[in-house]
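Each in structure tokens, the structures are laid out below.
In what follows, subunit A forms one complex with subunit B and a second complex with subunit C.
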Partner chain A sequence: MTTVGLKDIALSSPVLLIGGGSLLMLLVDVFMGKREWPRAFLAMAILLVALISLGVFYPPFQAGVMAFNGFVYADVFSWLITLLVLFGTMLTVLIGMNVLEQEGIESPGEYYSLLFMATAGAIVFATAAELVTLFIGLETMSMALYCLCGAALRSRRSSESALKYFLLGSFSSAIMLYGIALLYGITGTTLIEPIAEALSRTDTVLAHCSLALILIGFVFKIGAVPFHFWAPDVYEGAPTPVTAFMACVIKTSAVGAALRVLWVGFGGQVLFWSGTIWYVAVLTMILANLVALRQRSLKRMLAYSSIAHAGYMMMGFLSRGTQYDGGAAILYYLVVYTILTVGAFSVVLAVTAKHSANPHSDDISRFYGLAERNPFLALSMAVFMLGLAGIPPGMAGLLGKFYLFSAAVKANYVGLAIVGVLCSAVSAYYYLRVIVAMYFRESDGAEKFELLEPSVALGSVLTLCVIGAVFLGIFPSALYESAAAAMVHF
Partner chain B sequence: MVPVTYYLTLSALMFTLGIVGVVIRRNAIVVFMCIELMLNAVNLSFVALSRLVGNLDGQIAVFFVMVVAAAEAAVGLAIIISLFRSAKSVETSDANQLNG
Partner chain C sequence: MNFDTFPFLSSLVFLPLVGALVLYLLPFFRPDHDEHGTLSRGFALFVSLVVFAISLLMLTHFDAADSGYQFSERADWIPYFGISYFVGLDGISVWLVLLTTFLMPLVVIASASVHKKIRGYLASMLVLETAMIGTLVALDVFLFYVFWELMLAPMYFIIGIWGGKRRIYATLKFVLYTVVGSLLMLVAIFYVVWRFYEQQGHLTFLLDELQMYTNLTRKEELWMFAAFALAFGIKVPLFPFHTWLPDAHVEAPTGGSVVLAGVLLKMGLYGYIRFAYPLFPRAADAFAPYIATLAVIGIVYGALVAWAQSDIKKLVAYSSVSHLGYCVLGFVAFNAVATSGAMYQMLNHGISTGALFLLVGVLYDRKHTRLMADYGGLAAKVPLFAFLFLVFTLSSIALPLTNGFIGEFLILTGSFKTFPVLTVIGTTGVVLGAVYMLTLYMKTMYGELDEGKNGDLTDVNGRELATFLPLLVMVFWMGIYPQPFLSRMEPTLNAYFSAVAERRAALNVYENDVAPSQDIVLEREHQQARPVRESAAQPNLNRAVEG
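What follows is the complex of A and B.
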């Protein structure tokens, strides 16, 4: 007989605080009625408390810690992923702070509440050590997100993106759940580590079927080819702060969960899934980068770019173990990618917020001559684009790719690394095109579309992201070493 | 007693029907019903497999899946209504404003 004690509560305190915070936001909103109140400040306060609790209650760099009778991982990897998810949410709250109305979101209380529900779900999804818990986390996260995508109630594009995301998302979750059920039938348990143990004894065709079904679910959530087709539409139609949230937080938590399930749960079936992941990675990198070339809408372009980056990260999945360091490379890449992507979306937000109802508000022509109209926005966008392309001086992105490619080479996937290098060379074209538009084009009528005057919150996010990108490019070792240390205890 | 394989076969059939429905139907509500059918097929699998492996974990999982399915129904119908307000249609082919 096992019980749940204070220790479990303490280890899961970030999730509990964020989940409680989500309800608190709704409750206060009800009591305040129609009156305005500083929702964003309460939201930031809740996030800060969650961050502090993550720092206080977590055992520092200890191996194999679990909570709730082995249902939730509380090790260093979980700690880093939780930190990154909370950080991403914080940036989302900050960039959305003063633009919710302009983005068509009429009930900000509900917006923050749903955002926190999605965050709590994302943390559970990434830290679960049991497949039904993992599924509940996934669904909590996804369902809050379906609502967030449709949060601009009067906008048809927003509702449409919500519907597309909802139908395809719940379809893929159902497929994943069937995989979990089959796996339970084979192994008699839903805990990840006992599953690995049981699979090492009985490796059947049915186990491969269930693995394939679970993989479909993960590939969909990560947004990799061939299950990427929802991403561009959903990213384009959703309000921009929600898009930024999806691009960073959802990807982080899905990658974390997939790593855990594949490396721990299906650690013995490497030969079976590595081939599939190889094809997925290659197809994702090639297709996403080629299609991104012909996008005029910046949000769609960034959507394809995020698909492409998912492809690079899939490469790290194949370099398992401490001698290859694929896990550390993925963690480093996730941090860099989060900073650069949120930064890029906040610039897009500043350009589009005043015309969000117009379907062409994020067309590349609206960025013509941005360097003259607002040098700060243009300069930070240039930093983010160079970073995402991985071209010096965008060192952070370059190093991230270097770590991933070298991990792939160490694990004897030279061909894959070559495809990756070629694809990132192709990607330079569409990232640099934005810089050319901002610096070398006449504004050509773009000046009549008013920019959002960057508020203190948005300005500080941009500054923070620029500093983060530059810092991680110059001093990568601090982050990379702690990521590598996290993977030692994986 | 009915053998477990019968239940598993039925559940696989229901799941396949659900997938086929999602792929070929264009009405958002019907697509959504097919997804619910898939979830319920999984539930049947869980219960049958729980009998097969001889522990209750699978039956507990079903409760969670039922809660998820109920929440999904609420969210899904709300989204469909919100689209219907602006597009005056629940056909997925009319959701065509977002195309690159």
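What follows is the complex of A and C.
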């Protein structure tokens, strides 16, 4: 019964390549001297190979199979999430090129190794069809991430962020594990689909308890209210490339995993969890957007913004249907959100990298007059901010909201959609405030703080993100339709 | 050139955008900086004149007798959701498009008073032109929404970068007010579209289809209309949502004010007549008395506040609140006379208020103050300026033979049939308008000239005259011979009224036969996956009402 064949290896080749790459990075680190760029190139090479292997093995994914005796999903949804995770990691590597030292990361080899470990964990977490596998993925990802947050060894803020994340993160993981254990006790299995089947026969209070515990774990990882408290502090303290990685890759993988567990595993308990998710979504949108209004630190502001966007995506969880449903909308939104968020963090990185030891390096006043000092950075940031607010020319953000809100209205959550749009009107204020700082204010002393000369890598990430932010919205069909196709065999 | 197949409307919409991109990339072509912006200004003027020429060419080929969409173009945009790029021109939009393309070259000429970052200013203006024309010609609801939102960003930059002292406050207020309204409208759009989907089995965002085949209960209609009317009411702006307007106007640079007053505010009115009324006719009827009341309050209140202003620009801004009140009144009265009057008045207001803002700009450029108290007795010093000021003042207070008279006369005649009492109250606005405008004229142009302050004031120069002459011609042309304008609106309006009447009847039939008492569902409610196609006869089966 339990044989692992070549096919399993092929289907999970991205994970294996990234995981192996992580070990390889550690191994060759010894021979690479002090320089940063050979490691970055090696990292990019490994990522490219992983992407290629993902592309090559598309056909079996399209057929929608399972790998490792039904422990891992290999369908289009998994494929897309893996692609997005790899894409996010690639952007992280690119924006980090040649700034790691300035960000206080002294051992780049370890950094890349941990980054890959987290990526491999994220892929396993999002594609697992079995709860223990899912948990192992979660832990691999989280453990590596705790270390990454503290990668700036001499920075107290970095260490603080690592410790905070570790303490709260391990709590949430433990709570989730408790839920999984309870579920195993009720159903006698840890495979998601048999769980659904077993629960359809024995829907008890205990099952609801385990669902609640598992939900807490997911809400924590997604970073939604009320388990969001870690996010601003951790985002602020961690080195900026790590923050960007957390904001996009971790969120992508957690949303993917949660979607699978809730829609497939607890599909029958929908009446129970939809109420909870409804409140979580509403609270998340309202609270995060209101608190973001008061932030002066751009990293904290983007942290709250990422919480808010998690809230919008929560709306998608509620609207499951056969067509035009929340799943495809969430996938589309994740892509757009990744592009916009990584783009925004790259600009923050360019402004702060030379002063990363200073706790006020990402204060909004440092962005005053940026349009004069570096028009390219300012224009890109303006596009990202408009995109996050959903105002053209940030068309991708507008279309993302279009899909999510229309799915919510279709599922008759009109009230929720109204809360959502009002919150995004609120969010326009703090996104536009960044444009105010960059374009409408005089630099007012900010010019003293030298900007990072954007490297080719950073420049190309920014260009790519700007193009994506505009054109993904003007030509959204290809992406949305493949997302919709992914949800057909979900 | 083949007139039947050439994409006139698309070139009209996207040419300014292309121009803006070229302008933005100009430093790459001309590395030796365009120091004084002469090249940028020349190029922007060229683009806007080409656009104007195209629109004139279209006007000559516009079939006045045809009530349907002309020059229409259609392509799939997001086929999965039934969203298409569908644009067309009819009697309702044609003059507004012309007004936009007509004002834009003038704004570019008037940009001489902008000194910093001229390239960005002109590029923003051109993007704004694309957005405005796009809004006016879009016949797909989502396309309309995208262009509608696209108007925000350029105007946000125009006020924020080139505005006065309180520009940041003003521009944020402008954007936030508009965004709240338009996002709620987006939810309403979704709701209508999904109702259509439930009833017809496929998705579309085309206005015509939604208008013909979406059945809504009265209560649904009221909610949807409220969302649309809020979005449009904020844009117009209708009292009490007007507070962003004086701030935005006072802080905006001259060109920004001209575009804001001339075209942007009309978008709210246009949206009302194009989308809100035909989609939700019964709700519009139900709301009409309330909206008319707000409009009349706006007329009188705007006029009174304008009277109390000491800042000339603020006075003109409040006069806009008052004047647009008439347009709203004309539209909600909903008869042929009042509606065509309101449409005409939209054009008049664009011309006379645009000209007044340009005149204020001329004064401000010279003396850097807009306070009435700083001026006086200018008529002797700058006779040509005084003459222009007089003409546009008279046009603004609707003296016979000027354009304003025709519009106000038609509106008041038409709306008297529907809202006699409100119209009578609203008529006091005409008197008040004369009071505050003539007071303004008297205080600035007559009286003692302060030699020390204004002795060095120079008269209107050739460039400025070039902006005023076309407006001057239009004031008299539209005041003396309005027929060419009205005759092109008429067939469309007639068809429009009968289409709305049909829809009203169809909705009533639907209400009586099919859906006796269904409530709108505003509360959360989970639904299991339902089949893709639902029968049109039982559209409400899945809409359980939750208390």
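Here is the rule we use: the second predicted complex is superposed on the first by the 476 of 490 C-alpha atoms of A that agree within 3 Å, B and C clash if a C-alpha of one lies under 4 Å from a C-alpha of the other, contacts with A are read in each partner's own complex, and residues count from 1 in each chain.
One rule holds in what follows: contacts are C-beta pairs under 8 Å (C-beta built on N, C-alpha and C of every residue); 3 or more make two chains touch, one makes a residue touch a chain.
As the structure is a computational prediction, the values presented were derived from the model and not from experiment.
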Looking at A:174 after the superposition, I want to know if it touches subunit B, subunit C, both of them or none. Which is it: first, second, both, neither?
first
For A:89, select first, second, both or neither according to whether it touches subunit B, subunit C, the two together, or no partner.
neither
Does subunit B (first) or subunit C (second) touch A:78, or do both, or does neither?
neither
Looking at A:53 after the superposition, I want to know if it touches subunit B, subunit C, both of them or none. Which is it: first, second, both, neither?
neither
Quick check for you: in the superposed arrangement, does A:305 touch first (subunit B), second (subunit C), both or neither?
neither
Need the overlap of the two footprints on subunit A, from subunit B and from subunit C, as residue ranges.
none
Which of the residues in subunit A end up touching subunit C in this complex?
270-271, 274-275, 278, 318, 320-324, 386, 391-393, 395, 398, 402, 405-406, 409-418, 421-422, 424-425, 428-429, 432-433, 435-436, 439-441, 476-477, 480-481, 484
For the subunit C and subunit A complex, residues of the former touching the latter
78-81, 142, 146, 149-150, 152-153, 156-157, 160-161, 167-168, 171-172, 175-176, 179-180, 183-184, 186-187, 190-191, 193-194, 197, 203, 520-532, 542-543
In their shared complex, at which residues does subunit A touch subunit B?
132, 135-136, 139, 143, 146-147, 150, 153-157, 159-164, 166-167, 170-171, 174-175, 177-178, 180-182, 184-185, 188-190, 232-233, 236-237, 295, 297, 300, 359
Residues of subunit B defined as touching subunit A within the complex
8, 15, 18-19, 22, 28, 31-32, 35, 38-39, 41-42, 45-46, 49-50, 52-55, 57-58, 60-61, 64-65, 68, 71-72, 75-76, 78-80, 82-83, 85-87, 92, 95, 97-100
